[in-house]
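The structure under discussion appears below in the form of structure tokens.
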Amino acid sequence: MSRAAWFLCLWLVLADAALDDIPAAAVAVATATATSLRLLEPGTSRRSLRAIFQLAFLFLYHSIVAGVDVARRAIDPRLPLRPGFVTYPTRLPGGQRRNVFTTLTSLLPGTVPTGEENGQIVYHCLDVGQPVVAELAAEEGALVRALYND
Amino acid sequence: MTEFLTTAVGLILAMLGLGLVSILRGPADADRMMAAQLIGTAGIAVLLLLGTVTGVPAAVDVALILALLATFASIAFVKKGLSRLETDGAGPGEDR
Amino acid sequence: MSIATVFEIALAVVVLGLAIWTIAVPDTYSATVGFIAYGLLVALIWVRLDAVDVALTEAAIGGGLGGVVLLGAAARLRGTEAMTMERPSLIVRLSAAALSASIAAALAVAILLPPNPAPTLAPDVVSNAGATGMANPVTNVLMAFRAMDTMLEKVVLLLAIVGVWSLASDQAWGGRPGPRHQADPNGVLAFLARLLPPAGIVVGIYILWTGADHPGGAFQGGAVLASMWLLVIMAGLVDTPPVRSRWLRLVLVAGPGLFLVVGLGGLCFGSAFLAYPAAFAKPLILSIEAAMLLTIATTLGLLLAGAPERSAER
Amino acid sequence: MSVARDIITVAGVSAGVFFFFAGTVGLLRFPDTLTRLHALSKADNLGLGFVVLGLLPQTGGLRDGLKLISIWMFVLLAGATVSQLIARTARQSGSGE
Amino acid sequence: MSAVTVFGLYAAAAVGLGLYGLITTPQPLRKIIAFNLLGSGVFLLFGIVGRRGAAAGFGNDPVPQALVITGVVVAFSATALAIALLLRLFQIAGSTTLNSRAAASPRSDPSGN
Amino acid sequence: MLPPAPALVTTAGGFLLVLSIVAPVAGVLLEFALGERYVRPVVSTVIPVGLAIAAAVLVLLPRSDGHLVYLLGAWPPPLGVALRADGLSAVMLATTAVVICAVAIFAATDFRPQSVEARTPFAFWILLLAIWGALNTIFVAGDLFTLYVALELLTFAAVPLVSLDGRAETLRAALRYLLFALLGSVFYLMGTALLYGLYGTLDIVLLSHRVSAEPGALIAAALMTSGLLAKTALFPLHLWLPPAHAGAPAAASAILSGLVVKGSFFIVVRLWFYVLPALPGFTAAQFLATLGAGAILVGSIVALRQERLKLLVAYSTLAQIGYLFLLFPLALDASGRLETGQALAGGLIQAISHATAKAAMFMAVGSIYAGLGHDRITGISGAARALPLSVMTFALAGFALMGIQPGGASLAKELLLQETARTGQWWWAGVLQVGGMFTAAYVVLVLAHALSPPDRPVALAARPPRGSGLAALALALCSLFLGLLPWEPYLPIPYALESKLFGVEALVKLLVTVLGGVALAILLSPWPHPLAGTVARRDLKTVPGPFRRACLGFGSLVERGDHVLRQWPAAGICMLAVALLLAASMFGAN
């Protein structure tokens, strides 16, 4: 149900609310919801709205920092890079949750997940001197509080 | 305002062109895979600005389609790239 | 020279650079990548020319799906390219270049010598738009004034499917097109393929629906749906349907079939073949477009998937 | 009022252009595939974000603004996923080191 | 100088480039790419024509736009068909040359296929 | 806006034009949707319906003033699209219906739908009806862009037919065909864009009122013409034709050679005679006919040197296409304007005659191939006894082609010869005569081999079904009696001509043609000659010996030249050159 609401929101954003649109909107929302349910089983864990906002805020803040960081390094004439790999031992179970986590973190400062080894996520960093693991842990905490609070 | 936005469009477009040069030059396939992604961001920025400048609201829809299709193209890049790596097996290092 | 012209020149230069890259680079794979970038950027030119309907089509079909078809082939053929044939001799290349340049010059002359005033059908299209109740002039042209072309072009798509399928080996006939895609069901790709397509479906239907009054339409929406479908297929979440499937066949002829039936209805009960009774014009056209959306999405997807390769059982 | 709007637009779009610039410089200067990927996926996404932010005051209403933001979200989701996949490919093929 | 002039020149250039590529590249796949380039140039010609005929409150004459949309779809189906042919040829012959001399050389004939 | 001219309102019976397109298209959709078991009922419904529609058009046309018009969706041009039929359309519709019908009967056993759906029958029957639909659209469409879509429809239906058996060779041929045809359609499309930009309409009738000799229109005309020539495979743009037509299954070859190339030829005729009759002028028409003469020469000589029968027939198609283009200079009136007169009638009858005869010929050759298991010309001796029906069909079709009374070809030749006299272009009379001799040459060559006694008893690999043979024979007979049909209601033919058909004079002409053909066959064919064995051997061997060697050398030179022209870069360059030369000659004329 909540998904249908999301798709309805998307439709309204795209197409505006008009009476004539009702059949198309119904078809679109119904098809999208059915597809979504088929592709992705609904989760069971509780979500906390406040924590989601916190996460979103943290995420936005981090992505700005990330962008500034990359920009600084790119424009700096000395090109201060110390690229390398860092492995991060996550507590999240594989699959859905870990995907959400890696997707989020791929937008964060100086880290790109490049795959998994032995249940740990391998990150590529622009600067291995930074406290990457600590930041990732903070992010993971926020994510768990927001979506997977069970 | 229009002049400012047009200048911005021009600048982003120039960045897009330069970025494409660097990406297409390679050397690895993984570099080239980024092309569609670059267009997915810079191209959409150009489109959105252009839509505002020329007063064509539907340009936003074009941006929407570009976002979805560029994603699709990128996935195809990766997918084909991966399948090639698997079939090649031995030396994926030499790409030229 | 205004700032807008500078921008236009910049755009033309970037696109031209990509075009030259596409033709000149020795490596085919790189050329293909260049062409995808090219196709997506040409959409910008179309926006600049105020032809948003075409921009949508070009971004979706010309650049996106078309590029991906080429990319698939480039990836498959890459190993063989080293042993390809010699390039033609210098004389051949020079004469080809000279002749192509003359054709281009002739075209440039022809296109830049405008008649004054330039003829246009735009006022006609607008003054007749009332007959269909749709505000998007391009949709009116496609679905009413030149409905015959649109219907025949659907048949072209169907024939392309027949052509592609007819390349199957006799054993694989009736089976599933394309290779089976394997991917980690918990991987990132599968993650995207679970999240994005539902949203893509909403977007696709929206593009169709808005096409009545604003730029958009069945082609563009169909292309979005097709790309989402293929995304799910590439992630290994679903398989392509076997070509023998009755349902698949029905979906593939639904668009042109309904078009034909409505057209014949116009012949029997109305004023002419492909004429819509004024009261029902909009619903009729929209239902044809809805059927076409399904047909186009399926057709485009299957065209990308290729000839049947595997038996239906797997 | 319209001055305030225009200031936001100018600021946002300028910031966006700056990040695109940084991203391109990164693409040109960074030494290997994976670092270039950083430049692309971080700076350009942010650049698009700022452009969207800058354009928000120019749009007709709330709906159009949300539409822009949803496009940005699409791009973010896609960019994040695709960059992971590319990174994986790059690491496997060994060009990351 | 206006959009029509700039893009008109570009369209002609794209046609020229496409023709050159279609004629000179030996690989069929590159020919198909060049054909698509050529096609996009031709479609742009329609766009220029329509832009010049802009009237009645439209930035572009809708009729050429509709023609281009039809043309784009046809060109896409042509590309798909050509690619399918090419891949099938590669699958059973092991090469993709279009050259008839090379074709004359004896090759295992998979007629049972 | 113009007042509604007669060409812009629907006439009574115009709906037949819609039906002529809708019937095959509906057949295609039904076949595709229903699959396996319903192919036969669908085909056996659509074909009689299509024949009836063509017949109805033939009947109705003279009663409605020679024009049928239908406005699709009741929208008048330039906004809407009109379908129009005149005499040309009507006869082409009828020819297509007849040939498709014959081919369908011929193919009924080869492509028998099975209980479990198989690949080739599925594709063949759909493509057959699709070709029919596409051709009918070409014949009745009144709009240049509708013609483009129809052309593409035709290409998309024809290409998979070429590669139906799935061998590497045929795939390669299909790919070459597709790519070159696409190049052709892009050229056509460029011209369309320019014309729309100049005149704001693509309707044929409206355009013909508005067109004037300005640079854009001339360039457009040159581009469109050369694109269509590429699709018609006029020499030197023929790289795709021989492998495609020789590699396809027999029924498909019959369609491809008999009908498909006529589609784009028909559009050239529409374009030159009905859209812009005043534009091409003397030089361009001469240029087209020169290419045609080149096609006759090269096509015939290379045909005589082929080892395989199917390739010989394919090259003969190449030569016959050249023959069709001779009509253009002969239709010029004194002011350099193309006139829809006797020359056009002659060319069209030639096209029809070739459509029927060549389809029959390919079917006969297909039966011979199936019967003997090969189609090497030197190995078909004894075929006349083993496969009498097929050889007879081949012979009749060949006679019809080379202009034996009362065949269509002889009527066409007579009409064209009269026009050469009228316009004073005596050189084309020579080409016409030589063309006839060349046709006679390869027909005689094949017959001589087929009639000669075999070295050892002929073992038949398979016996072709009787129905197939009869269908081919009927088509050949059709072609042979075309000259007797009443053409006047549809094509401008002076009535007096037909009474002259049977006479001593005609007989002499025929004899000259056949004898010339025999001489050419002996001189140009490199294979050991059963002919040379039968006549007084010694004298003939000694006298023309060196001469024959010289001729053979010339032949091999031509063959090598043909091979070079059939390489992709050369053909592409030729294409561009033809476009530019056409444009230049049109500019020169205006």
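For reference, chains read A, B, C, D, E and F in written order, and residue numbers begin at 1 within each chain.
Criterion: contacts are C-beta pairs under 8 Å (C-beta built on N, C-alpha and C of every residue); 3 or more make two chains touch, one makes a residue touch a chain.
What you are looking at is a predicted structure, and each value in this text was computed from that prediction instead of being measured.
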item	value
Neighbouring chains shared between chain D and chain F, ordered by label	C
Contact-richer chain pair [C-D vs A-D]	A-D
Distance between the centres, which are taken as Cα means, of chain B and chain A, whole angstrom	21
Whole-Å separation of chain centres (CA-atom averages), chain B against chain D	11
Inter-chain centre distance, chain A versus chain E - centres from mean C-alpha coordinates, in Å	40
Contacts with 2+ other chains: residues of chain B	16, 29, 33, 38, 56, 64, 68, 70-71, 75, 77-78, 81
Numbers and ranges of chain D residues touching at least 2 other chains	23, 37, 41, 45, 47, 67, 74, 77-79, 81-85, 88, 90, 92
Junction residues of chain A, two or more chains touched	10, 14, 102-103
Chain pairs that touch, as defined at the top of this document	A-C, A-D, B-C, B-D, C-D, C-E, C-F, E-F
Of chain E, residues touching chain F in the complex	15, 19, 22-24, 26, 28, 31-32, 35, 38-39, 42, 45-46, 48-49, 52-53, 63-64, 67, 70-71, 74, 77-78, 81-82, 85-86, 88-89, 92-93, 97-101, 103, 107, 109-111, 113
Interfacial residue positions of chain A with respect to chain C in the complex	3, 7, 10-11, 14-15, 21, 24, 27-29, 31-33, 35-36, 39-40, 94-96, 98-100, 102-103
Chain C - residues contacting chain B, complex	3-4, 6-7, 10-11, 13-14, 17-18, 21, 25, 27, 29-30, 33-34, 36-37, 40-41, 43-44, 47-48, 50, 52, 55-56, 59-60, 63-65, 67-68, 71-72, 74-75, 78-79, 181, 189, 192, 196, 200, 203, 207, 210, 214-216, 220, 223-224, 227-228, 230-231, 234
Touching residues on chain C, where the partner in the complex is chain D	188-189, 191-192, 195-196, 199
Interface residues, chain C side, partner chain E - complex	1, 4-5, 8-9, 12, 15-16, 19-20, 22-23, 28, 31-32, 35, 38-39, 42, 45-46, 48-51, 53-54, 57-58, 61-62, 65-66, 69-70, 72-74, 76-77, 80-81, 83-88, 92-93, 96-97, 99-101, 103-105, 107-108, 111-112, 114, 118-123, 125-126, 137-138, 140-142, 145-146, 149-150, 153, 156-157, 159-160, 163-164, 167, 169-170, 217, 219, 300, 303-304, 306-307
